[in-house]
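A quick write-up on the structure given underneath.
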Amino acid sequence: MNYFLGKDISGCGLVGVMDQSGRRFSGRDIITSIACMRERANGLGGGFAAYGIYPEFRIYWCFHMMFESKSAMVQTEEFLRDNYKLVKDEIIPTKEDKYVRYRPLLWRYFLQPKEEKMKLHYDLTEEDFVVKTVMEINTQIEGAFVASSGKNMGVFKGVGYPEDIGRFYRLEEYEAYIWTAHGRFPTNTVGWWGGAHPFGLLDWSVVHNGEVSSYGINRRFLLNYGYSCAFFTDTEVMTYLFDLLVRKHKLSFEIVADILAAPFWDGMERESPEKREILKALRITYGSALVNGPFSIIVANSESMIGLNDRIKLRPLMAATFENKLYIASEESAIREICPTPDKVWMPKAGEPVIGRLKKQNG
Amino acid sequence: MAKRSPPTEFIIERDDEKCIACQVCVRMCSNDVHSYDTETDAVFSDSAKCVGCHFCETICPTGAITIGRNPSEFKLNANWNAQVIKNIIKQAETGGVLLTGMGCDRPYPIYWDHIVLNASQVTNPSIDPLREPMELCTYIGRKPDKIEIQITNSKSQIPNYRLQTLIPPQLKLETPILFSAMSYGSISLNACRSLARAAAEIGTFYNTGEGGLHKELYRYSPNTIVQVASGRFGVHKEYLEAGAAIEIKIGQGAKPGIGGHLPGEKVSEEISSTRMIPQGTDALSPAPHHDIYSIEDLKQLIYALKEATRYKKPVGVKIAAVHNVAPIVSGIVRAGADFVAIDGIRGGTGAAPTVVRDSVGIPIELAIAVVDQRLREEGIRNQASIIAAGGLRNSADVIKAIALGADAVYIGTAALVAMGCSLCQSCYTGKCNWGIATQDPYLTKRLNPDIATQRLVNLLHAWSLEIKEMLGGMGINAIESLRGNREQLRGVGLSDIDLKLLGIKPAGEAW
Amino acid sequence: MNYVIIGNGPSAISAVRAIREVDLRSKLTIISDEPYLNYSRPLISYLLSKRIEKDKMPFCQENFYEENQVQLILNKRAKSLDVKEKNIILSHKERIPFDRLLIATGGAPIIPEFRGRDLFGIFTFTKLQDAEEIARYIRYNKVKEAVVVGGGLIGLKAAEAIIELKIKVTIVELADRILAATFDKNASSVIEVALEKIGGNLLTNNTAVEIKSKDKRVSEVILRDKKRIRAELVIVAIGVRPEIEVVKGTSIKTNKGILVNNFMQTNIKDIYAAGDCCEAKDSLLGINRPIPIWPVAASQGKVAGYNMAGVKREYSGSFTMNSIELCGIPTISVGQTYPQKKGYEVLEYFDKDKPIYKRIVLKNNRIVGAIFLGDIERAGIYTGLIKDRVDAGSFKEHLLKEDFGLIILPKEYRKHLVTGTGIEV
Amino acid sequence: MGCRLCEVYCLVQHSRTKNIIKAYKGEYPKPQPRLIVEEKGHISFALQCRHCEDAPCLEACITGAMYRDKNTAAILCEENKCVGCWMCIMVCPFGVIGRNREGKKVISKCDLCIGAETPVCVKNCPNEAIIHEERK
């Protein structure tokens, strides 16, 4: 896939909305919000992540697939059937839009790993097994790409302005308790559907604005932990870093923020001894996971949504709350567009995470 | 045929207009090149004895002396060049192994000069190190695979964190440059002093080499890496405890697979007591450690040393970069080394057979690249730090080495040059006019530790500033974000296979 | 406080410096029986020989007295003292009160008994006045020939000066050689030879018994051996004695000179003495005796000054030493150069033709005396070794060698001399 | 380190022309250095007047030629007053006062290079072995 060559640089618009009580709401707002940051994008990519959209299938892994060809689809389904029980599969409903072109085949699958296959890979968790599947499809099946692979969530993305993409996917018809959106302004790769944000793996989704100067080492750091990056995108690296640090190393988001946007050595000197000890230990151990260079990201999974800035805040990030809702966006205007009277609006400091957590699992 | 000695290498030109016959050169030259003639009240020079150290040239108050290369040429011959012929003549004369000093001077490709760095333009901002923090602080030592933190919810909303993972002992470097192993014996005590003091002042480390630790230098222990080599010279409890870290020396870039030999005349009273060998006897370091004939033996020594120092300090291993370097290092790391120093073919020495120095080993650039890649593929890169050594000449070489994957670098030759060395490669004669590679009290006192220390500090300071400038240019404000970050490197005029081994893209290719 | 100093020589001057270092307010008076601000007595032979002009005679600048607020009473002789009343008696009607007094009257020439000692043309040679009068006398009487009685330093300097004025000089010395007091035979012989070279005529084992005259002026000197020598000028220089007239008949204890303790204090609490007039510690012989030489006078004056001003300073003692150039040959003699007793070790280097002569005298490995003729470079180091009583055992053989220098001395001694600077080895 | 550059520069500083080549090749009588370099084995040091606080040469000087400079506190000799009695040579425990060998009958000693920023021996010592500092 020649698209996959080259690392993705982008300067973009982000927004994320979460109802921390778990109440689900339509995608209309998020489209409105991202639309008002149109000039941050250039029509070469837009996308959304939505959590809580498949309640009736919440126990199954849901793959959002993009196929460039029928044969790719056939190959993929064959491969999936080998390893999973296909509970359900269907085309992803869309609505023609004159601004959205060169669309691939968009299909979604609800899957359950086969017992006997899992037995073969007794050393893998179910998550690892899914990750393995995703890697294999993305790297080995020409023209096939897994846009998202979590449970009760999905990523909807493509080439075009985000609001157009949103309408194309008919997101106003979905209801989710977390929505994140991204308008892309790629500065070197031609826009391609798979390359748009959010990037998804398991129930992780990442929207990202920035260029990561430490990309080279972050990627090779992940290699040390068995992650091989296929897409050369910052987003991909971010996603894996979160997966490694949160899912595998069981570190809290606050700690992860202290790793990705590590405080300066002499800043640590001003902390309490206990805190200093921890910060030093983190930096000594995870120095290569420090994400250097300008970025602001919104990362989400089924329980939470996190906004984070680089260690010297070279990219914009705003946050606001209104009742149960948490808003994170590149621009305050994007928040006020859909939440005119927030309880609180603030600008997170460099490296200071904004964390939204689900209060009670929605029923 | 008639006996003949090789043609002199240098020609000394003395400007009689300027020469005031003050005889400073006569007093200073340890090779007795210059002599004063009372009859004519004039000074004469015997070029044949000149090693080209330029000391007289430097110290002559009227600049009357110029050292030039001997223009006398053999018939041009690409194969049988002058050096080759001279060496043959020498050996025909002496029947012995040709010795030399310092690092390999053969024109092998210098990869540093075919690697260029990146800088930010538009898409992300570069950072001005004069206005914003720029971090070079580096930790050398084993890093845990992961950190565990226990979170206990206190009454107050803010949760309580407690570190559960023990961080193994580390060396903290203010700048990722250390002084490499140079033994007291190969260099003078004043030189050792200067290195130690400079290391302490800068916040980095110097390395005792295999010469033991002179009692006077114990005060610098917090900045000392003590070496344990095949000769085990001066190795005892206090010695091991004095070091901030311990380095097992297996090999050296200038003479892989070759032992060391400090001639008896250099083994003064001080040295004999420091090395714990009889005065005047040759100090012979065997080629191998005779208790290390395999990797598992090395493991035993590593843990013996860790036991001896109660796991309080990092224990590392130094090897020469050879063909199989990547697997070897992997083995060393798995054997428990907390850091591995790799010394490339251009690494220096006090004395080595010329033929070995010039034709054994591989360039450090390739060694770093393949070792770092191998360790990451095996998932053990975090288990040991890599210190690269072997002819690093400037801050650019340093930053490139780090971008290729080294945690820090050792500099030896550069440090010596800062102290006055002019690379005449005659260290093994023990007549170093600059007072560095000698034990002759007439010569050693020429190296004033105050001056030398300052010059070393200046050098490291200058390099650190340059590194910060280059980091800032790349939009990076912490050295660890460059370490192993080969995306910031591009190759110029390198073959595909070189690029592949170095793990870098050719210049012109984007992300 | 009211300080008074009798005398205006080196000891007086350094006393003033010492006092003013501590006490800038108090009254300070100098009484001198000479008319001059101050001058250096050793220089009178240079003046006589016209090597230097009179304006070069002072050894400290004119403004010295104002700068140090010294009241000068010149040309007045202190006749005696009223110790009880603390008065200095200048004349029956003129008395000067003092709180603390320093007697620095220096020395006076010894004049032997011989017939005709009151004639015109007979001079001593210690004061500026002497030099000037001799010069005037020579001018008016067209002196052709002269006799110098006494072959000591003063006599020889006088003789040398007169010879330089193209006058034929005969030196008459009682002993068997000149400079017997400070030199050994070799040293004396070198100078004797040199003296004759420049035309000096020397008679040893001899002395003047009578001086004949023509119209009240000297015409001829008759010696002990009846030899008669024509001479229009006679200079008597057989030595000096402490000048202690002023304390005669007071309770101040004297011997040859005024007796003082190590603080240069006489037996009377507020009265001090320094210089040629007193008997202070000879650190070499371990006895008190007069050492009539410039450096000693100066250092004694300094010690006296400090103690007078209330700063305790102990006099470390000194020993005889002299540096003088005779007939173009520099000479330095220090300490016991010619001990008669045994138990002494002598090292010598003698080169008659140069001429260079070096003589080191040791007693159980400590240097106690030295003579240098011709080559006097670095002689001070030996003086230092004598002063500090350094054991020379370890470096004896170097003492007369070319390589002699601080470097052959024990490191500790070097360090004691200088700490660090320039000599870090 | 025994190079004797201090001697060379001292000589030049106290030469007529203050030009190193002329001083050596064109000035007669040859100027003389005001310091002494002592050597024995590998030990060597340059020795110049210590300008003692309690200077015996000052006390011993019969002409007042020897004086302490008010500003620099250096001990200097007023050559037109000096008569060459060598008293100072006799009492200097360092033996750093010599006789002028350039024709005048006066002494020759270190003057801390009047007018110069730092004494030339200090400035030009290639090993910074000579230091100029004041001590009490």
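The first chain written gets the first letter, and so on, giving A, B, C and D; residue counts start at 1 in each chain.
Assume contacts are C-beta pairs under 8 Å (C-beta built on N, C-alpha and C of every residue); 3 or more make two chains touch, one makes a residue touch a chain.
On a predicted model such as this, the values are computed, not experimentally measured, just so you know.
Nearest to the overall CA centre, using the mean of each chain's CA atoms, is chain B.
Computed from the mean C-alpha positions, the centre of chain A lies at a distance of 83 Å from the centre of chain D. Between chain A and chain B, the centres computed from C-alpha atoms are 47 Å apart.
Annotation: 106 Å between the Cα-based centres of chain A and chain C. If you average the Cα atoms of chain C and of chain D, the two centres end up 28 Å apart. Multi-chain contact residues of chain D, defined as those touching 2 or more other chains: 129. The complete set of chain-chain contacts reads A-B, B-D, C-D.
In the complex of the two chains, the chain D residues touching chain B come out as 1-5, 7-9, 20-21, 23-25, 41-42, 124, 126-129.
Partner chain C is touched in their complex by these residues of chain D: 36, 38-40, 43-48, 50, 56, 59-64, 81, 83-95, 97-99, 129-133, 135. Those residues of chain B that touch chain D in the complex are listed here as 17-18, 20-24, 27-28, 58-59, 61-62, 435, 440-442, 445-446, 448, 450-451.
Contacts from chain C toward chain D in the complex involve residues 10, 14, 40, 42-43, 46, 51-52, 56, 58-61, 294-295, 298-299, 302, 321-325, 330, 332, 334, 376-381, 383-384, 387, 403, 405-408, 417-425. Interface residues of chain A, counted against chain B in their complex, comprise 6-9, 11, 187-188, 210-211, 213-217, 219-221, 223-226, 232, 248-252, 255, 262, 264-266, 274-275, 277-278, 280-288, 290, 292-294, 311-312, 314.
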